[in-house]
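Presented sequentially are two complexes of chain A, the first with chain B as partner and the second with chain C.
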Partner chain A sequence: MAGENGSAFDAVEQGPEASGRNTETPHGGVGNPAEHPSVTALQGRFDSAVLRHEVQAGDQHVVFLDPGSNRAVLAWLRDDPEQRYDLLVDVTAVDYGGGRPLQIVYQLWSVPHKRALRIKCELPLDGLSIDSVVQLWNAANWLEREVYDLFGVEFRDHPDLRRILMPQNYAEGHPLRKDFPLRGRFSRAEQTRRALSQDYHDDYTPEELEVGGAPGLAPPELPISTDEVGTRLD
Partner chain B sequence: MLSEPMLINIGPQHPATHGVLRLICELDGETVLKVTPDIGFLHSSFEKLGEYRTWNQIVPLTDRMDYLAPLMYNCVYVMAVEKLMGLEVTERCKVARVLCMEMERIFSHLLWLGTTAIDVGAFTPFLYAFQERERIYTLHENYTGARITTSATRVGGMMADFPDGWTDSLRDFVKTFPKTLNEIDSLLTTNGIHLGRTLDIGVISGEDAINYGFTGPNLRASGVDYDLRKDNPYYDYETYDFDVPIGENGDCYDRYLVRMEEMRQSLRILEQALDRLPGGPINVADPRVSLPSKTDCMNDMESMIHHFKLITEGISVPAGDCYFAVEGTKGELGMYVVSDGGEKPVRWRIRPPSFVNLSVIAKLAEGHLVSDLIMINASLDIVLGEIDR
Partner chain C sequence: MGMSDGEGTDPLSLAEIEALGQAEGRQGGLLGFGHPTFLTTKVDFVVNWARRNSLWPMPFGTACCAIEMMASAASNFDLARFGMERMSFSPRQADVLICAGRVPYKLAPVLRRIWDQMMQPKWCISMGACASSGGVFDTYSMVQGIDTIVPVDVYVPGCPPRPEGLIYGLMMIQEKIRHESLTEHYSLRAENPSLVGRPRAGDEEVEALAGPFGNSTQQDQLSSAAQTTRPERSEDLLP
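What follows is the complex of A and B.
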């Protein structure tokens, strides 16, 4: 354990420091919506759902949405002929720590119009749940699973919301959250014990077990006798 | 009833899965009814580790993800940080990074070519491809001192300038490599067995490919003209003369053709970049990221303090977030960096092209034979280090 003055290994036990430089989540520069046609259109059409707009890194436009209307707005962005954001590049999340809301980040790209747009939805830590967009883009399937796995965000109506990078029976929480220590939550002894006591139920879904049966058991009896096989070969 | 569905595991330790990938296959005889990829065996939580490191300390993490194109990952990461800082690198650095990235494209495609050919029974191209890869390994080693874990970039430039004679070695490679490429081409492109194993296997339409998040050669094989080097150019790619190969059918054969042609186009870019590589410094002279010279440190108090602070604290990146993507070897390779103004990132996210590409395998392989599943998996060109991160 760390001494009174703290040590370089504190963070390993405690999780990374919460971003402490700003009391709120850091803001980018105030954007000029006129520079990005989609931002103007969004503000005109979904005035109540568009919370704010900012410009990051010089020319990257970010629109903050009300998390309750993410699917409706994203569907419009995908389908409207003036927008056509048909490629969902990325879905991820950002945790600033310190109890601040967690951001879900959608990176969109429009192949026909060659434009990029970043959409963010802020979720309070006690309500980490948002509509899935798999119905709009199949690309969101694994990306949302990853956010669920590493941040613990529930995506409503997701067809297959399971862990993806961590093991299915992982019980220590969601590793990319700021309150998660680098070495995990359990003691090393407990982690070893769990690693040694796995069984095949952890590696298959119930549907798969129904098809395959328990692994390592004798194969089911052949429905035809070996004599018959022999005669067929003749 | 012999046609009762059967559950078969392929991998995680199997040479045909191209890494530590487990495919849970539901089979009817030899036909794939459903395939569920199980990933995460190589998960190292690089993104979490990044939150404990200063901005420059993250560079070594990046090349350990895609060990088939390490320099490219080094470059993209620092390009994203530089974009967030509003830092313009020197002209020489820009061209040097273009050289690195296009070299890595050939490097990565060659591994794909060799291993994919082996998966369909052609052993010879593997040997030729790896002979050429070995030459790029040597170029890596001569430049960075390492063959795979290159860690060659720093925010604001490169770890060092190219050593003497390095560009000549690269030029030599560019001159002689087409001969081998043509030989491999003649072994595979019109080969009856290869055609039979790849034509009309794992077909996906352009519209579906976009919806499933395909990028890179996989998307272009389906006939969608989307290449970040043309559509959202960085590092003056618009001034290089090269073509973007587009497929028609979106099957394994088109993915093969697109990658073969991409190597030729990369050679064209390499040639032009070698011709235009300007002189001058490779690192920017920006006090936010560059160390003062040793002489200055020894003679000047302020330089000494500046040096000390950069070394002990690391560089500071202004608050904000930035998504920066390049046309990677396997698709759109993006880095999303979030800073609160400090010396460490709040969040560092890799947009993993292989991860998204692999998620489509369930759709592509449905109804094909198990042997075709192996071909489809190979044609996606995945690397598990980057999928699991």
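What follows is the complex of A and C.
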């Protein structure tokens, strides 16, 4: 609640109060940064790349990384036997507006260790470019396309960086940026005309259009075959 | 309705008709008892009667309005009582397009293509606030009323409308059909083939229909100045 000494979002940031009974959570303990083993290991191994560390929403450990080293650190987090963050839950981005840097968010989950970790990389608005992690997790493919579509972040080495939610002929920019006008940049008439001149062929690569075209054929090769994943950076 | 035999102005009783038929040596008529064997009526009446009592909806449900549309077709409300016996999931066999829910711009060509694929005569219901005007979604990605894409016959307000609302809208379509005439059908319903897949209206009309209204959070002084009169839909200006 908005009290005398805080904003309405303080409770959101602080998260639920610790009950006192269950302080030992799989995430490393409520409100105790030192208890997350991955954070201490990251700080020990990648001292220069780890910029800072926060605990948000009660028990969500967030590690801010230098955007130049995101792929190396994330590859280590995936492959190290003590970490094993083998599930990429989400890749998204946050624009806080006001010229502040745009944050790329990697939400990780370790299935063997039952641990969650959130990695953030801050990108300046005039340098929205970061290494893709599709080579680490195939799940990042569409997620990074979504971030590119809605925020305009370029993911280097992404195999197929196209729009995914907005129409392919969308020319008004990247709608989730704070500097984007809510109604878009074009007039409603122009938007309607452009919407109706979409060609659904634009949404698919020629290989994807082949799927289902001829019955009995196996689907074409993915841009990255699954056996390549995990070996590319080794 | 007239009768084949009958000299006076007084209507004949069934027994008299039967007697007349037997006197002429007929062994049975339309109903097997010497009833009159044909009816006279207006073609418009018969055609409209058939059309309005077998309206097959093409459901284009994209959001929560579609839940109410499904409820309308289910047993409690039972759309089939009014002739919408079957939801036609094929546009070729459908008579009335029910657009239930918000339509983003990416879906606009799909809606337009389904409308173009439907056979004449066809009607369209815009169900709910989002389909009719964009609703609360006055944003970059949302069609501000499907009447910028396809011609709409009946708007059903609500967020979402109750099934009674949708059924009332369909009955308004029936009432509209009842007053239609085959002689003016072409001028009322013909669509220019070159406009297939294009916006229904010109730029100014789209701007007028899609403009901000009501309590839109994006309304400012400029937008209220741009929108001062009620928009005129082009099909309302037809004879």
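Simple rule for what comes next: the second predicted complex is superposed on the first by the 162 of 234 C-alpha atoms of A that agree within 3 Å, B and C clash if a C-alpha of one lies under 4 Å from a C-alpha of the other, contacts with A are read in each partner's own complex, and residues count from 1 in each chain.
Assume a contact is a pair of C-beta atoms (placed from the backbone, for glycine too) under 8 Å apart; a residue touches a chain by one contact, two chains touch by 3 or more.
Since the model is a prediction, treat every value here as computed from it, not as a measurement.
Participant: Name the contact category of A:Gln191: first (chain B only), second (chain C only), both, or neither.
Facilitator: After superposing on A, A:Gln191 lies in contact with chain C but is clear of chain B.
Participant: Could you tell me if A:Pro167 is touching chain B, chain C, both of them or neither one (first, second, both, neither)?
Facilitator: After superposition on chain A, A:Pro167 lies in contact with both partners, chain B and chain C.
Participant: Looking only at chain A, is it chain B or chain C that touches more of its residues?
Facilitator: B
Participant: In the overlay, answer first, second, both or neither for which of chain B and chain C A:Trp137 touches.
Facilitator: After superposing on A, A:Trp137 lies in contact with chain B but is clear of chain C.
Participant: Thinking of the overlay built on chain A, is A:Pro175 touched by chain B (first), by chain C (second), by both, or by neither?
Facilitator: In the superposed model, A:Pro175 contacts both chain B and chain C.
Participant: Touching A:Tyr204, do we find chain B (first), chain C (second), both, or neither?
Facilitator: First partner only.
Participant: One more residue to check, A:Gly58. First (chain B), second (chain C), both or neither?
Facilitator: Only chain B is touched by A:Gly58; chain C is not.
Participant: Who does A:Asp86 touch here: chain B (first), chain C (second), both, or neither?
Facilitator: It touches chain B, and chain C stays clear.
Participant: If you stack the two complexes on chain A, which partner ends up touching A:Tyr96: first (chain B), second (chain C), both, or neither?
Facilitator: In the superposition, A:Tyr96 contacts chain B only.
Participant: Using the superposition on chain A as set up above, list the residues of chain A that contact both chain B and chain C.
Facilitator: Shared contact residues on chain A: 165-167, 175, 180, 182.
Participant: State the interface residues of chain A toward chain C in the complex, per the touch definition above.
Facilitator: 165-167, 172, 175, 180-184, 187-198, 200
Participant: For chain B, which residues are in contact with chain A within the complex?
Facilitator: Per the stated touch rule, the residues are 1-2, 5-7, 24, 26, 36, 38-40, 43, 45, 47-49, 51-52, 83-84, 86, 210-213, 215, 224, 226, 231-232, 319-325, 332, 334, 336, 338-342, 344, 346-347, 349, 351, 355-356, 358-360, 363, 388-389.
Participant: Could you pull out which chain C residues touch chain A in their complex?
Facilitator: Residues 105-106, 108-109, 112, 138-141, 143-144, 148-149, 197-199, 202-204, 206-207, 210-211, 218.
Participant: Looking at the complex, which residues from chain A come into contact with chain B?
Facilitator: It comes out as residues 11, 16-17, 19-22, 26-28, 56-58, 60, 62, 86-90, 92, 94-97, 105, 107, 111, 114, 116, 118, 137-139, 141-143, 146, 150, 163-167, 175-176, 180, 182, 203-205, 208, 211-213, 223.
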